[in-house]
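Inspection log for the structure reproduced underneath, given as structure tokens.
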Amino acid sequence: MDGSAGPFPVTTHLGRVIASVPVGARYHRLLAEAPALSAAVEPGQFCHLLCPGAYLRRPMSVWRAGAQEPLGFLFRVAGPGTAALAGLREGDTLDAMGPLGRGFTLDPGWGRILVLARGVGLATLSLLARRAVSLDIGVTAILSARDPADMMAEAFCGAVPMDLRLVHDSDGSSDPAAVGMMIEAEFIRARPDAVFTCGSDRLLRLLQEIAARHGVLGEAAIEQRMGCALGLCFACVRRIATPDGPRDLRVCREGPVFDLQSVEAW
Amino acid sequence: MPDLSVRIGGLTLANPVMPASGTFGPELGEVFDLDRLGALVTKSVTPEPRRGNPTPRVAETGQGLLNSIGIPGKGIEAWIAYDLPVWRRFAAPLVVSLSAPTASAFAEAARALTVEGVAAIEANISCPNLEADGRAFAAEPGPAAAAIAAMRGATRLPIWAKLSPNTGDAAAVARACEEAGADALVVANTILGLAIDLATLRPALGAGMGGYSGPGFKPIALRLVWQCAQAVRIPVIGCGGIATGQDAVEFLAAGATAVQVGTASFIQPAAMLQVIEGISAFCTARGFSRVSDLTGIALPSLQRIAAE
Amino acid sequence: MPDLSVRIGGLTLANPVMPASGTFGPELGEVFDLDRLGALVTKSVTPEPRRGNPTPRVAETGQGLLNSIGIPGKGIEAWIAYDLPVWRRFAAPLVVSLSAPTASAFAEAARALTVEGVAAIEANISCPNLEADGRAFAAEPGPAAAAIAAMRGATRLPIWAKLSPNTGDAAAVARACEEAGADALVVANTILGLAIDLATLRPALGAGMGGYSGPGFKPIALRLVWQCAQAVRIPVIGCGGIATGQDAVEFLAAGATAVQVGTASFIQPAAMLQVIEGISAFCTARGFSRVSDLTGIALPSLQRIAAE
Amino acid sequence: MDGSAGPFPVTTHLGRVIASVPVGARYHRLLAEAPALSAAVEPGQFCHLLCPGAYLRRPMSVWRAGAQEPLGFLFRVAGPGTAALAGLREGDTLDAMGPLGRGFTLDPGWGRILVLARGVGLATLSLLARRAVSLDIGVTAILSARDPADMMAEAFCGAVPMDLRLVHDSDGSSDPAAVGMMIEAEFIRARPDAVFTCGSDRLLRLLQEIAARHGVLGEAAIEQRMGCALGLCFACVRRIATPDGPRDLRVCREGPVFDLQSVEAW
């Protein structure tokens, strides 16, 4: 179910914050030393973070991870939980429970993938894209944001080479029709072996339609309000198509990554 | 090392700590060894499959949680076929929480659950009673007793009646359940609460109102245990906002023989182990050789001695 | 600047924020100008002098307070002679909270309080009813209605009925009070709670159980407002855990026309001013020109429009 | 009712912590810059302190105060509230509500006072004793503690000259009979114009008896669990003898300082 070994793969890791930095006007990135967790986590998995002052933990996709690498999160400061996370300082403790959920599928035999991210959805897809490049899989990434100030291309790929397409609301380039044409063009230019998306229901619908028409596999990472994040409480269900018909599956356990075509309109 | 074992009706538990229904599953076995718990308690099973409530199903509210999960599940038949075998892998006694829409449905389901591997049935009588206009069985002594009595006639397993805080007289409901044949009481289920989302100016939960649990609910649950423990002679299992050994000791002192831990596991998944260790440390520090000596020690007179 | 005025029965208040009974007195005038409040609410007065409960009378419990003050006071006659003149110095309407042991004592006291300077009587029917074995009037519709009806016959002043959370069916009690002639409801008084002092293994309060208030109680009070506002047409005044303008807006959206602030003043003595400013800022930010437009906006259907 | 002027004498002052230091094994002292409050407070008055993480404020006698002087508190680390106060660091904010309550009477015409303090009771009496010396009133201070490690003579008088008598449980010198004899001896040596006590019910009874017998005035500062500390809630009552007979008075408002003989056994 996840990459960690041992009889008790899920733990609350007390990591030491080594960077806590605002990104643009609305986002924040947090890096912590949590070696065991960072080594175990797979792209698309998430952690459940204790936020000082808030009662419930907050689910957060892993944005950076790897053996010998710090564990990173990139998030929008939305409310009290994320504000508290953004208030953590170097040297503070970050209590991260994980690794949690089912991550993305990445086949080393693939030649190219297309990634379609909107807003903080790019935090969820960033680790996948970087891992793909490290496996010699080409990445075309279409990143959609409100305006250039909100665009986090740098946060998405860092120094890793990718084909980036940036679209914004402010100049109309992020309009679904325009993005649809861009995806079609990419499919023709360099047909991907798989597509991935996160961050927008509208773009999810769009990608479902195009990928289905082209017969390309895909996955989507989705969000839902969570209680336990361990599969215990059934708070986080979303309607998912399964071979046995539509079922309410737990985003924290059967997800947050689902087959692209299985995610029902919501 | 103090003696942590407790007796609840016919059952002996290795320690007084178990999960609260709906906040637990075999999945927690990925975090720690579930065989260290005093008992296992399933999420409520229902006679028929149920889809549950619209999302959002949980909301944070100060020091607590609101939930309106709606008891989704595949129904009792599928539960026995697919889930029970998974539970049988664990060592601690298995308590199956049962929810049903009528007294006779409670009885029928209790009969179906009387199988190898089930140690006791916890009757979640806080659910709506279709024969009483949707009011919960546990809101009044009469319907609560009717559900328990019907189950009593249908199973030889111990029956734990799980009471609701949403009543004007919990002690009367407690007495009615005892008289109807309950072997123990679980006190209590969540209390009805509400939160408004200021962004939408609509309820924060998809279903509107929800059940309030966690630390903010603790003083109320503790009071209910205090009232019920003085009203009955059967054991009371305390539940509501317990997150630490100290919380648990408060419940034991107020009359509980054992405790259930619910929402705290969402914050610290190994909370139940911390509660066990905390109780043990308290007993050692304060010279209690048996945890059962704590039961009811804060009550006006020590009526709880007689209770098993 | 939004219009903050609200109408409660016959009274118009300059803003919807007032203190909760028992947590307020002229002494708070040392902290801020009490004329900025929508109304003043006295601690409950009783027909006879009362000494109150043994100490400790308060205990902290997580995000809240337990109290068992026991309504000490010098009795209504001395109150009118000595305290009322002090209250008359302030500008906001004076609401006198009244507690009495029988329906006829409520009536007699209401008659005595029908004097110059008193704008309304708040009936604290959460106190024990000597004619019903000490159960609170507000626990059941019948006794609650009897107390209100008796007062209705004895005074021309507006009567506000202050409901209790310690009942199985608050909506039924609310309807009964409305039918008996209450002009408004205050929802709600404290809910019964308990804390155990682990040092002594005895209740933390001298009296044992106590009333639970503050942030941890808020989701329950908000739910009671939601239920009562849908059950009656008279205005509902929300009370329970309100500490900020945002808390107050939740209560207004759930159906309240005004709010009372209690325990929060113990933490921030100027909390009521912050609540007034917070409501005003919310209205401005979200384009509500009148605070009264918020009342009931989160309710399933907007029944509250009709309510005054 | 207190020394401050203006129509709204009581306020929540946000002071800046300038010292936070453990004293012995069980005590802690806290100094904060809160000039208006420090100038307004009288010996025997108290503040209601916000303790990070605890819900209710905690009442605390003022141990150091004065125009141009930092505001100081000296307390035993008893539970979560005082532990949180002890956790404050230099530069942190201390939210102190005050000044509150009725302080001690100090008549500039007096020649000598006797002060009898037990445990942290000396925190309450320290400012009184120092103020007395500054008015040229001699101070005899009998300080009682568990053992020399708990004795805070230094914290009590600082560099201000006083006649100190230190008694401990560990060598039996704090036994009430022994302390009684010591007080009698002081009354003979240098009869005080007034006596003051805080911190022990047993020593209070003892001093009541001796002072009554010698016809010497006195005052006692007492403690009680508080809610509002403003006189609103009647949580903090103690049985006090008044001209109209015994009454339950509010420690936060009619006290915390009462006439020595008026405080009833409890």
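Think of it as A, B, C and D in the order they're written, each chain with its own count starting at 1.
Definition applied: a contact is a pair of C-beta atoms (placed from the backbone, for glycine too) under 8 Å apart; a residue touches a chain by one contact, two chains touch by 3 or more.
Chain labels with UniProt names: A, D = Dihydroorotate oxidase B electron transfer subunit; B, C = Dihydroorotate dehydrogenase.
Predicted, not measured: the structure shown is a model, and the values here were computed from it.
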Inquiry  = Going by average Cα coordinates, which chain is farthest removed from subunit C (Dihydroorotate dehydrogenase)?
reply    = A
Note = subunit A and subunit C (Dihydroorotate dehydrogenase) have mean C-alpha positions lying a whole-number Å distance apart equal to 48
Key: For subunit A paired with subunit D, centre-to-centre distance based on mean C-alpha positions, whole Å   = 59
Task = State, to the nearest whole Å, the distance from the C-alpha centre of subunit B (Dihydroorotate dehydrogenase) to the C-alpha centre of subunit C (Dihydroorotate dehydrogenase).
result = 33
Ask   = Can you list the residues of subunit B (Dihydroorotate dehydrogenase) that touch 2 or more other chains?
value = 62-64, 215
Message = So with touch defined the way it is at the top, what topology do the chains form here? Options are line, ring, star, complete, other.
response = line
Inquiry  = How do the chains pair up in terms of touching? List each pair.
reply    = A-B, B-C, C-D
Inquiry  = So in the complex, the part of subunit C (Dihydroorotate dehydrogenase) that touches subunit B (Dihydroorotate dehydrogenase) is made up of which residues?
reply    = 61-64, 66, 139-140, 166-169, 191-196, 198, 201-203, 208-209, 212, 215-220, 222-223, 226, 241, 246, 249-250, 253-254, 282, 294, 297-298, 300
Key: subunit C (Dihydroorotate dehydrogenase)-touching residues of subunit D, taken from the complex the two chains share   = 1, 7-12, 50, 54-57, 97, 224-238, 248, 253
Query = Mind pulling up the subunit B (Dihydroorotate dehydrogenase) residues that touch subunit A in the complex?
reply = 22-25, 27-28, 30-33, 43, 51-52, 55-60, 62-65, 67, 69, 72, 214-215, 263, 265-270
